[in-house]
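This structure is in structure tokens; I'll ask about it shortly.
So that you can tell them apart, the chains are marked A, B, C and D in the order they are listed, and the count of residues begins at 1 in each.
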Amino acid sequence: WEGEFFPGISKIKYEGPSSKKILSYKWYNAEEEILGKKMKDWFRFSVAFWHTFRGSGADPFGSQTKFWPWEDGTNSLAMAKRRMRANFEFVKKLGVDYWCFHDRDIAPDGKTLEESNANLDEVVALAKELQGKKIRPLWGTAQLFLHPRYMHGAATSSELAVYAYAAAQVKKAIEVTHYLGGENYVFWGGREGYQSLLNTDMKRELDHLGRFFQGAVAYKKKIGFNGTFLIEPKPQEPTKHQYDWDAATSIAFLQKYGLLEEFKLNIECNHATLSGHSCHHELETARINGVLGNVDANTGDPQIGWDTDQFLTDIGEATMVMLSVVRNGGIAPGGFNFDAKLRRESTDVEDLFIAHISGMDTMARGLRNVAKLIEDGSLGELVRKRYQSFDTEIGAEIEAGKVDFETLEKKVLEWGEPKVPSAKQELAEMIFQSAL
Amino acid sequence: WEGEFFPGISKIKYEGPSSKKILSYKWYNAEEEILGKKMKDWFRFSVAFWHTFRGSGADPFGSQTKFWPWEDGTNSLAMAKRRMRANFEFVKKLGVDYWCFHDRDIAPDGKTLEESNANLDEVVALAKELQGKKIRPLWGTAQLFLHPRYMHGAATSSELAVYAYAAAQVKKAIEVTHYLGGENYVFWGGREGYQSLLNTDMKRELDHLGRFFQGAVAYKKKIGFNGTFLIEPKPQEPTKHQYDWDAATSIAFLQKYGLLEEFKLNIECNHATLSGHSCHHELETARINGVLGNVDANTGDPQIGWDTDQFLTDIGEATMVMLSVVRNGGIAPGGFNFDAKLRRESTDVEDLFIAHISGMDTMARGLRNVAKLIEDGSLGELVRKRYQSFDTEIGAEIEAGKVDFETLEKKVLEWGEPKVPSAKQELAEMIFQSAL
Amino acid sequence: WEGEFFPGISKIKYEGPSSKKILSYKWYNAEEEILGKKMKDWFRFSVAFWHTFRGSGADPFGSQTKFWPWEDGTNSLAMAKRRMRANFEFVKKLGVDYWCFHDRDIAPDGKTLEESNANLDEVVALAKELQGKKIRPLWGTAQLFLHPRYMHGAATSSELAVYAYAAAQVKKAIEVTHYLGGENYVFWGGREGYQSLLNTDMKRELDHLGRFFQGAVAYKKKIGFNGTFLIEPKPQEPTKHQYDWDAATSIAFLQKYGLLEEFKLNIECNHATLSGHSCHHELETARINGVLGNVDANTGDPQIGWDTDQFLTDIGEATMVMLSVVRNGGIAPGGFNFDAKLRRESTDVEDLFIAHISGMDTMARGLRNVAKLIEDGSLGELVRKRYQSFDTEIGAEIEAGKVDFETLEKKVLEWGEPKVPSAKQELAEMIFQSAL
Amino acid sequence: WEGEFFPGISKIKYEGPSSKKILSYKWYNAEEEILGKKMKDWFRFSVAFWHTFRGSGADPFGSQTKFWPWEDGTNSLAMAKRRMRANFEFVKKLGVDYWCFHDRDIAPDGKTLEESNANLDEVVALAKELQGKKIRPLWGTAQLFLHPRYMHGAATSSELAVYAYAAAQVKKAIEVTHYLGGENYVFWGGREGYQSLLNTDMKRELDHLGRFFQGAVAYKKKIGFNGTFLIEPKPQEPTKHQYDWDAATSIAFLQKYGLLEEFKLNIECNHATLSGHSCHHELETARINGVLGNVDANTGDPQIGWDTDQFLTDIGEATMVMLSVVRNGGIAPGGFNFDAKLRRESTDVEDLFIAHISGMDTMARGLRNVAKLIEDGSLGELVRKRYQSFDTEIGAEIEAGKVDFETLEKKVLEWGEPKVPSAKQELAEMIFQSAL
């Protein structure tokens, strides 16, 4: 392969909302300051290698539909390197500073672990060179779900040898993430769960998972990797029940196994809705527990019960996501990773750019809307006023745990029936809608 | 009202599976010993006062359909007492030892807290007398969701005065439960949640809930009530999001607020399925975390997205419930409360008996099936064998947290590619089905 | 009750998007022409009497929360009339021309059908007077679900006498709708469905429903009522399965019973999503079958499995709704009825106005966005081009049914493997988002 | 490949419920007569070639897990023939008389249609020989979803050349089904639907689908194929919305395009539940509309939102399925096709037998339970009595459409308030449970 992978496509520029040029940013202006921070620093956008460069368009009922011009149909090391060059051309033309990867999507699996590791080292060395000074992984991770050895789980496999294999693979993946300057490391337990409780010892599997994470933390510290460890909750798929079901379940697990100080969460919108929550709910749950670490910026389809990993283009949703991120004071050292894929039927190279631009512009509109909401101030004021009865002396004492039930009962006898004002939900919705 | 409430219905007896008599037990034989325990001791069945005696048949689109002969159409104290007598006749004819209640369904709300408490005392005194020596509450609870004062929540209300009112009401409800010899006390936070995140301060509300439970624990200890405190998870309805979403979420909450030693969980099958889990999953999650405290024996409809509280008549489901309970060594001091109601269209007095008998017989079949599975042994053996690679020296070391990632990597290099056997799920399902 | 019901609230005016006045229209400008039609003629907005004036705030777990100042706590005829006056003050202050009602929410049920009819006549006479020249019902309907007599259904009740009662009630409701100048008449079969197939003869019930509709059509013609008959699909709730599940199911039913020429559909967004479809899907299904007759403008919650009837404030959704309506050439003689209710916790009189204004402004934004999309033209062009291979001679022949399989096979042998272009979904989404 | 494919497994025999032998029938006794028909004639069980012989264990997150000993890793014609021999050994050892296939799973796709057809002919000739006198296809079908050419649909593709290709492929598939003595031909429109309404002309696509089916009917008649045409409804997956959403939607479509006399439905339980219905509902909907043609005997997982195609082992569900089939007087010329696959983690050859045996035994228990219910008679009597008010003179007149609304109103005035009895749902459930 000679020359450019995306000829005819130059670096995407900000041209403002009135631009009719498809390949331009209408809302995302990297260097523009919003709410005291540059847009690029609020978002720290990242390209997901797997969807963008390994997504074949296959689904459970259909074979590959994407045949990018640079692909030669092999899974060779040479192909892996060529693909990596395509990745960096894409990342640079998009104008972002981050990328994310699984070990096995950037380099081919070998016949043995040594061979797999050698393949990985070779591709990683090239990536290091291509990264230059500015680009680095938002995070790396190990792919512990594709290979048949992981069919019963990785850390939660019923087979000890598989548990060991997963440990070895994670060890290596942390090492290369560290080597590439990655700022985080993610655990998505694709096969950590069960298909049926009838043949599963859930307690034993969860205990193994706890041990596994403890081992990973120990190794991370040993080699001096300071990136954040992130768990990515998902309720189900591929298994019937994934152990990291949602934010609250992951927090329960981290507490039980003494890991709450060592991990944050990577919240994915599509996973949130599959678990029966809004994306905003999952972000807020993570935020108020101090573990909001990263956002996988995508969306599902409200009528679909599996992970569609679509690019998010709903500006209301994007605004709610940014409400949480702004309240969190930003998301660094995490960022927004586009864990999103082209639809199976989108087969033009250009579609890769369109999808990312559309996703970035939508998030940018979300941030701009939050700025409007904050400037306007009325939504924040509505919430503050709602709880003002607790901004009193007795309120402070209750919140400090100093008032017992007997005292409270006496107060009730003294105060009589409470007056309860309107919750003003429709007003809150009106204010929110007006900012879009 | 003179004489019997259920004339023509005598005490329900066990007549065995071949009986054609509707009002008889075909599978539940209270004194029969199964797996080393009497059936009545495995189940500790309880009648839920609210559904059985206060269920009107109303739904969001329809008004009352049930007009029991003993009801006079009032919510008077006299009516409350008459109804309590009907309750005990029902409990005794059914042959169970437990009942459950909310404060406000057994006695009318007064104009003030004092008046409400006085009403409650009067009815409770009668209940105490009617209970006799054998019958007592499986649990009591406070109704903190019906009254408009609780529309924004009770412990999580935005209004301090409502928080106080809830505390006073819970204080009294614990007292009367204690007085009646109740063995547990349940918290179902009917309004503890939010309708919209736009007007909600979720962190502040959850902190209040934590303080509230801490206050309840302190009061319980002060008055020497030794019954178990139980949280009843439910994902949503009436609110969009209930804070006690599911077992895992409740465990995360209890851990965060230092309450894990003070509470167990009351798992309701219909709530389980609404949260996206099987009932068996929720029971197992509670069990392996040591907090399985009670079962609300009911079922939902797999196609319906709200709480239908139907009597469970699925013998497969009942068998899975009993698998968890038997593994737990029983459920005492909790039990099986029929948090289940007649369909709106079931309007014969006799239907109350049919429904309870059918629910009890179904659970009894579940227990008998578990006994068959245990006697057969092959399902247990299948699971044991699946994890046998961990029943080794290196397995024990891994489980003890003594093996680091570097050692595991060395093992992989030594062992090569793991062999991974079949999970035998279809065999497990065949064995399970054969026991039904 | 003397004087105004909504003192301090004057007629709501259009003030444009930059207005900060809560009680003003920012996007809905009744007389403004968009796409060749005044906004008020595109929408024909209607106030739903039941939600706005009979909504109590009660839900399955909670009692009434709304105590409007004009209510005296009774269900008397005098109260019904006072409420009707409040209704027309509200309708006029909002500046809309339509209202919708069930027979039983505007007038109290009597002890007999004669008494109920007399009550209805009295209130309807007042309504006729209050309507003046401009205001009239968008539609009327009979409430066939609240009363216990309808617990097994109305037209599909297992009881013949109930079928007859429903016919008598519908007969009267058509008459009063006709008398008031109503432009449509709606059938929402609240209890037409089943709770369990085990005790149901579905075929017999559906045959009865077919006969019932045939009878209603005959009566409508007899009295010269020219308003459109509308079926309102809903998949479930209150029953497990409602016979008018969704648009397609309703169309199948209408075809089978020879009624397709006599009915159109009233599509409700919340019902659409409960049936597993997007609102846009249901509207399009109705439109392409020539039966899009009315829109119940509301929304559900994507995480909630029951009918929440919220005011729609999602501008993306509103834009898709208006895409269908504009393609349909408008919705008259139907319109947009706000089958939407205040949240239980919204208890200020002012909230009634806020909610309707917010709903109307959101729909107005939808229409304005559609105008932008049409002016821009690129979305329409994208779709047109996608199917252009059928805009050929052979395409026309295929579409006319003139090409048999043998000829098609010959063509394939001649043409070889087809070339299949990208579906450009992400581009379509980008264009759509840009118009919001 | 020499000798047997399943050495060590002999023909599966009926050994009765007390047998502990895994590879034996405990409930299915082919020649035993139940309700006047042999069990094998009630069921007409069929093995699905695709799941059983082409299922690789791959899922959206994982690669192949099944490596059957007879597979050589190729998709060659030789391999196709060897696999066909394995199929017939399996079918015969199982003791069933039917199998089902897609054109492309039994023979490899060629580079051109001619080549694909030639491959198919070669394999089909072998199948014809191996079938012998007793075995034949329950149905054949064309695979119109796997190949990328069908990514926008087959009959509903936006590309005319793809529509033609699909026609040619269906033509051939009908021919080979006819040649093999197939008794039915199925249309499952895997890609007939849309991913987004934004880029779709739904009306045009549906019109094309109508023309396509009309063409298929014409060709079937031309070649004298008398097998039944079947549509297999599925609500979604792989597309967001499949045009044959459920039974009612399919019936609406068939009516609109004048095809109702030419098609029946193939109801799949997993598809039923994905569409929000119980399997029993879909079967009954098909039955009462005279179009119940075949059953795809499988099940989904009540917590999972995609098609899991599991073997059905729920005896309650199986009993309800058989209630419909018995009411239908049987299912011939359709049957029960096991459109069900081993779990990804079930990798023993033996598991293929276990799964089918378990599925057949479960269905057999369902039939035996229905026989018990019919013999007992009380469930049927309960339903009959429920509607007895229509078994009167006036009832018959209403059902004949002879009673107008005015007459019904007069009856109501004469009769007064109807009496409405209990629906006895809990009793129906008790009776049903007792038969299991």
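Note that a residue touches a chain if its C-beta (ideal position, glycine included) is under 8 Å from a C-beta of that chain, and two chains touch if they have at least 3 such contacts.
Being a predicted model, the structure only gives us computed values, none of them experimental.
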{"item": "If a chain touches chain A and chain C alike, it appears here", "value": "B, D"}
{"item": "Copy pair chain C, chain D: interface residue numbering same or different (half cut)", "value": "same"}
{"item": "Intercentroid distance (Cα basis), chain D paired with chain B, Å", "value": "39"}
{"item": "Chain C and chain D, separation of their C-alpha mean positions in angstrom", "value": "36"}
{"item": "Touching two or more other chains - residue numbers and ranges from chain C", "value": "148, 151-152, 195-196, 236, 241, 276-278, 303, 343, 345, 347, 420-421, 423-425, 429, 432"}
{"item": "Parts of chain A lying in touch with chain B, wherever the complex brings them together", "value": "112-114, 148-149, 151-152, 157-165, 167-168, 170-172, 195-204, 206-208, 211, 214-216, 218-219, 235-236, 241, 245-246, 248-249, 251-253, 255-256, 275-278, 280-281, 284-285, 288-289, 320, 379, 382-383, 386-387, 389-390, 392, 394-395, 398-399, 401, 403-406, 408-409, 411-413, 415-421, 423-425, 428-429, 432"}
{"item": "Chain D-facing residues of chain B, complex", "value": "17, 22, 26, 273, 276-278, 302-303, 311, 313-316, 342-343, 345-348, 351, 354-355, 357-358, 361-362, 420-427, 429-430, 432-434, 436"}
{"item": "Residue ranges of chain B in contact with chain C within the complex", "value": "57, 59-65, 145-148, 150-152, 190-191, 195-196, 236-238, 240-241, 274, 301, 303-307, 343-345, 347"}
